[in-house]
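Presented below are the structures under discussion, each in the form of C-alpha cells.
Next, two complexes with chain A in common: one pairs it with chain B, the other with chain C.
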Partner chain A sequence: MTQGASKAPGIRQTMSDLHTWSGLLCGWLLYAMFLTGTVSYFKDEISQWMRPELQHRADRPDPAEVAQRIAGELGRVAAGSPQWSMRLPDERHATVSSFWRLPRGEGRGGRGFADATFDPVTGQKVAARETVGGEFFYRFHFQFHYMPVLWGRWLAGFCAMFMLVAIVSGVITHKKIFTDFFTFRWGKGQRSWLDAHNALSVFGLPFHLMITYTGLVTLMALYMPWGEQAAYKTPAQRQELTAELSAFIQPAKATGQAVPLAPIDAMVRQGQARWGQYNVGRVTITNPGDASARVSVTRGDAARASMSPQYLLFDGTSGELLQAKDSVGPAAETRGVMYALHLGRFGDLPMRWLYFIVSLAGTAMVGTGLVMWTVKRRQKLGDPARPHFGFRLVEKLNIASIAGLSVAMAGFLWGNRLLPLEMAGRTAWEVHVFFAFWALALLHALLRPARRAWVEQFWAAAALLALLPLASAFFTDRPLWRSLAEGDWVFAGFELMLWLLAGLHVWLAVRTSRHQPPRRKVSQAGARAALPAGVALAEERAR
Partner chain B sequence: MSHFLTFMACLAAFSALALATGRQQDDLFGRPLAPRATWALRAAGWGALALALYLIVQAQGWGLGLVSYSGHTSLAAAVVFGALIVHGRVRARASARPKRSH
Partner chain C sequence: MTYAMKHMWGAAWRAGPLISRIVAAIGGGYLLAALASVAALALPMARPQAVLTGMLASFAVYTGAVIWVFAVRSAWRAWGGLLVAAVPLLLAAWSVGSVGAAP
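Take a look at the complex of A and B:
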C-alpha cells in the first residue's frame, strides 16, 4: 500500500493517505452504523424475539378479513381520530401494527400519535411487553441516539460521505486488484491484515458502493432540500410531491357530516387481485365516519425492488376506486429503487441472508481497517511498551467501538429479558441499558492493557450471547426446545444464530489471545526457521 | 432453486479465476500452468460469471437479479478465498510438522 514515494507523493500515495484518514476519522461511527444496519435486515425477527408474549402462529388469516376486523376495532379504540393506519400481517410479522393520529387537542399540538398491536384473528389488542424492538438498531444506524434526530441524520450523512470517499480512494490505492484478488498471506502481521481488509472490501465492492450511495439517497431530501424548495412552492405542489414519494395519505378537512365507512375488505380484495393475496402492505384511512373519508390500500414490498408508492385510493363512503397509482415519474422511481435497494425489504429469504452476510463483511471491512491503523503504526513506535497518546487513543477507541459494541448489543437483548415488565419507561430503559454496557466497555478498555481488553471483551460478548437462549428458557415460556418442536423458525433461528455469533466471538477471543505481536521486522525474520534474515526478507519482498 | 444454481455458477467461476492467477498456481501446483491453460481457465471463469448473471436475471428480472447477483458473487468469492486459506493452512501445518511452530 505505501510505496516508497520519497519525492512528490504520487496519486496512489495521496489516495492512500486520504483513505487512511477519512477511514479513521469516521471509522468508529461507521462501524456502529454498519453493524446495527446489518442486523436491521432482520428487524422484524428481532422485534418478534423481543416480544415473546406474541405467540407463534402457523396459519395466515386472509388480509381482507383482517383489515375489516381491525378497522372495526379501531372505530372503538381510536374513535374521533382523523387518520388510522395499519400494517397487515405478513410472513415476517404475525400481528397487525397500527397507529392513529390523536384527535385535535390531545397529544402535542395536534401531532400526537398513538399505536397498538392487534391480533389479526380476534381483533383484540395484544398484550406484549413494552419494548423498542429491532426498531432501535434500525433507528440508531442512521440517527444515533441521545441527540436531536436531525443532528443524528446529518452526522450519519457526513460519515456516509466519508465512507464513499474511503471506498473510491481505497480502490485507487489498491494496486493489484485483480492479481491479488485471491491472495491471503497468513501470519504476516500487517500484510495479513491488509490482505483480509482487501478481500472483505473487494468481494463486496458492488454491494458496499451500492449501500453507501443508496444510504445517502434515502436522506437526500434532508441534506439538499434546495432544489425541492425552489421547484415546489405552493402547498398543493408540495402535496403532489408527497404523493409521488409516499402512500401515506393525509386527512383533508372533515365535512362534519357523518357517513359510515364502506366495507374495507372489498377494497383490500381489489388490491389482492392486483398484487397477490398476501401482498397488501398497509391500509390507511382518513376521516373515518365522515363524508370526506378516504382509504388507501398499499402494495407490499415483496418481489419489487422499489419503494415508490403503489396504491389504490378509495372513496371511504362509497367504496369507489378513485385512483390507482401504479407508477411515478422517472426521478421519483429512481429514488424509489435506490431506497428499496438499501432496505432490501423486497427480497425473499435467501436474498435477505445475502444482504446480511455481505453487509457483515462490510462491517468487518471497517473493523479490519480500524485495527490496521494501529497494526501498521505499532512497528514504527519508538518504544512499543509506551506508545504515544494518539496511538493509545485510537487503540482504546477501537476496542470499545468494535468489541464493546458486541457487548452492548448483547446487553440490550438482556435488558429486554430482564427489566421488570411493569417498569415505567421500559422502552427507554432498554436503550439506556445498551449505552450503559457500551460505556462500561469503554471504561474497561481505558483501564486494561490493550490486548487483555480485546480478549476479555470478546469473551464477555460471547458469554452474553451464548446465555441469551437460556434467559429465554427461564424468563419466558418460549424455550428453544419448544420453538424447535413447534417449527417456530423465527425464534429458533434467532437463538441458534445467537450461538453462532457467540462462537464467532470465542474464535476472535482465542485468536487474539494466541497472537504474538511481531515486535520488530528483524526479530520476526530471525524467528522464522533457520533461514538467514536476509533470505527471509528477500523472500517476503518477493511475495 | 435459481439462487442455488446461480451460486454454484459463481462458485465455479471464482474457482477457475483463482486457478488462473500466478500465485495460486504456484501454491497449488508448485509451478505456473501453461499460458494456454491459464487463458482457458480465465475464459471459463468469466463465462461462468456471465452464465450466473443470465440465470438470475432470467429468474428475477434485472432489478432484483442484479442485487442477488452482487450478493452471490461476493459470497462465492469469499468461499473460494476461504477454501484457499484453509488449504494453505493445512498444507503448511503438514509440512511444518517436524519443527517449525508456524
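Take a look at the complex of A and C:
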C-alpha cells in the first residue's frame, strides 16, 4: 500500500498487502472462531462427555411416546406457561432438552424462559452436573464472551468479512495457485511456512470460502437489516418474512376457556410418517390447556441439506392438521441450504469427521498465516536480539492465541471435571476457568522468550489433554475401559481423540524446539535490508 | 523545519490516501452493500424473496467493493468507482420508494 516513487504497485502487490494486513488485524480472533467452531461440529458429543451422570443407553425409545410423556411432565413442572418446546432425542442426543416461557408475572414480563433436561424413558428431570457443555464453544465462535451478545456478533461479523476479503485477495495474490499446491519445501524456514499456508489454503479453499460466506449468512438479518426495514413497516407484515426463516410458532392470545390438549403422540406420528421414525426434531406447544392451543411438529436436521422451516401445525384441542409447511421460496431455500452447509448437521458421522478435518485445516491456515507474518519479518529485523515493539507484540499474541487457546480449551474441560458439583454458579465458573487458563497463557507468553513459550505451552496443552481421560477415571464412574467395554463410542471416542490431540501437541512441541532458525548470512541479509520491503517481496514471488 | 518534523509530515502525507482507502473499504463498502440489499427489492419476485436475495448478495458486494478499493491506482479512483456503482443501485432503491428508509 506504500505508494512507490516512480509508479504505483501492481495488483498482486496491493492484494498481497491487503491479504497480509486484513489477515493480521483479525487473525487472532479468526483463529479462535475457527478452532472453537471446528470443535462445535461435535457439540452434542462434547456436551455428553461433560455430563457423565447421563448414562449411555443403547436403546432408542419411540419419539412419539417420548413427546407424549414429556408433555405430561411439562404440564406439571411448567403449568400456566404459554409456550413449551422440546427437542426430541436423536442419535447424538439421548435426552429431551426442553424450555418453556414463564407465565406472565414471573420472570421478565412474559419474556423469561426456564429450561430442563428430561429422561425420555422415565419422563423425570435428569440430575446431571450443572455445565454449559459444548454450547460454550459454539456460542463463543460467533459471539465471544464477557460482552453484550450483539457486540460479540458484530465483532464476529467484522472478522468474517475480513476473512472473506483475505481469501479473495489471497487467491489473486497467488497466481500459480495450483502448481504451487504440489510444491512443498520442508525445513526451509519461511519457504516451508509459505508452502504449508498455501497447501492448507488451496486444499480447503472451497470449504473456507463456503464456511465464511455461510457464516455471514447465518446472521445476515442482523448485519444487513436495511432491505427488511425498507420492505416492512409493522411486525405483522414482517411475519411474512419470518415464516420463511423459522418454524418457531409464537403463542396467540389465550381465550381463557380450558380445553385439554389432544394426544401429542398422534401428531408426532404424522410427522414420523412424513420424515422417518427418528427424524422429528422439535415439538412446540402454545397455550396448552386453552381453547387456542397449537402444536407444531418440526422436521429434524438429518437427511436434508437445508435448515428451511418444515413443520406440521395442529390444532392443540382437536388434533386436526391445520397446515403442512414443506417448502419456502427460492431465496429462502438458498438461505436454508447455506445455513445447513455451515452447520453440517445433515450428514452422518463420516461427513461430520470430514467437516471437522477440513475445518481444522482452515484453523491451521489462519495459524500458519499468523506465524508467517513474524517469520517473514524476522529476517528483516535490524537487530534480531531486540526486535521492535510491533514485532514482539504480534509474536506474543500469536503464542497466546494459538498455543494458549489449546491450553485454555483443555483447561475448560478440566474445570468441568474438577469444580465442586454443588458449587453455586458452576456453569459460569467453567467459563471463567477457560479464560483464566487463557490469561495465564498470555502472561506466560509475555514473560518467556518466544521459542521457549511456544514449546512450553504446547507441552502444557499436551499434558492437560492427555491426562483428561484419567480425570474421568478418577472423578466419574465412566472410565475409558468401561466405555470401551460397553461400546459407548461417544465417551470412548472422545477420550481417544483427546489422546490423539495430545499427540499432535507433542509433535508441535518437539518440532518447535528442534527448529533451527536459518542463520543470517551477513552479506545477503545486509543486502536485503537495503532493499525496500516491496521489492524483496516481489523478488521472492518472482521465483 | 527539523528533519524529524519533515519526516512526520511526509508520513502523514503518504498515509492520507491509505486512510482514505481504508474508510472507503470499510465504510463505503458497507454503505454500497446496504444500498444493494435495498435495491434488490426492485427485483421482480415476491417481497420476502427479494428481501432475502438482497441480504444474501450483500456480502459479495461488500467483498467486491473492498477488493476494488485496494486494486485501483489511487484513492480518488477508489471512491469514484464506489460512487459510479452506487448510482444504478440508488435508482433501483428509489424506484421501490424506500430510499428514505435506507441508511
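We adopt the following convention: the second predicted complex is superposed on the first by the 512 of 543 C-alpha atoms of A that agree within 3 Å, B and C clash if a C-alpha of one lies under 4 Å from a C-alpha of the other, contacts with A are read in each partner's own complex, and residues count from 1 in each chain.
Methods note: contacts are C-beta pairs under 8 Å (C-beta built on N, C-alpha and C of every residue); 3 or more make two chains touch, one makes a residue touch a chain.
Please read all numbers here as calculations on a predicted model, not as lab measurements.
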item: Contacts of A:L25 with chain B and chain C, given as first, second, both or neither; value: neither
item: Partner chain in contact with A:F346 - chain B first, chain C second, else both or neither; value: first
item: Touching partner for A:Y355 - first (chain B), second (chain C), both, neither; value: first
item: Which of chain B and chain C A:L446 touches, first, second, both or neither; value: neither
item: Contacts of A:A332 with chain B and chain C, given as first, second, both or neither; value: second
item: Contacts of A:L504 with chain B and chain C, given as first, second, both or neither; value: neither
item: Which of chain B and chain C A:I11 touches, first, second, both or neither; value: second
item: Partner chain(s) touched by A:M220 [first = chain B, second = chain C, both, neither]; value: second
item: Greater residue coverage of chain A in the superposed arrangement, chain B or chain C; value: C
item: Residues of chain C that touch chain A when the two form their complex; value: 14, 17-18, 21, 33-34, 37-38, 40-41, 45-56, 58-60, 62-63, 66-67, 70-71, 73-74, 93, 96, 98, 101-103
item: In the complex with chain C, residue positions of chain A that touch it; value: 1-3, 8, 11, 14-15, 17-18, 161, 164-165, 168-169, 172, 213, 216-217, 220-221, 223-224, 226-232, 240-241, 243-244, 329-332, 334-335, 338
item: Contacting residues of chain A [partner chain B, same complex]; value: 179-184, 186-187, 199, 202-204, 206-207, 210, 303, 305-306, 337, 341, 344, 346-347, 350-351, 354-355, 357-358, 361, 528-529
item: Interfacial residue positions of chain B with respect to chain A in the complex; value: 3, 14, 17-18, 21-24, 63-64, 67-68, 70-75, 77-78, 80-81, 84-85, 88-89, 92, 99-100, 102
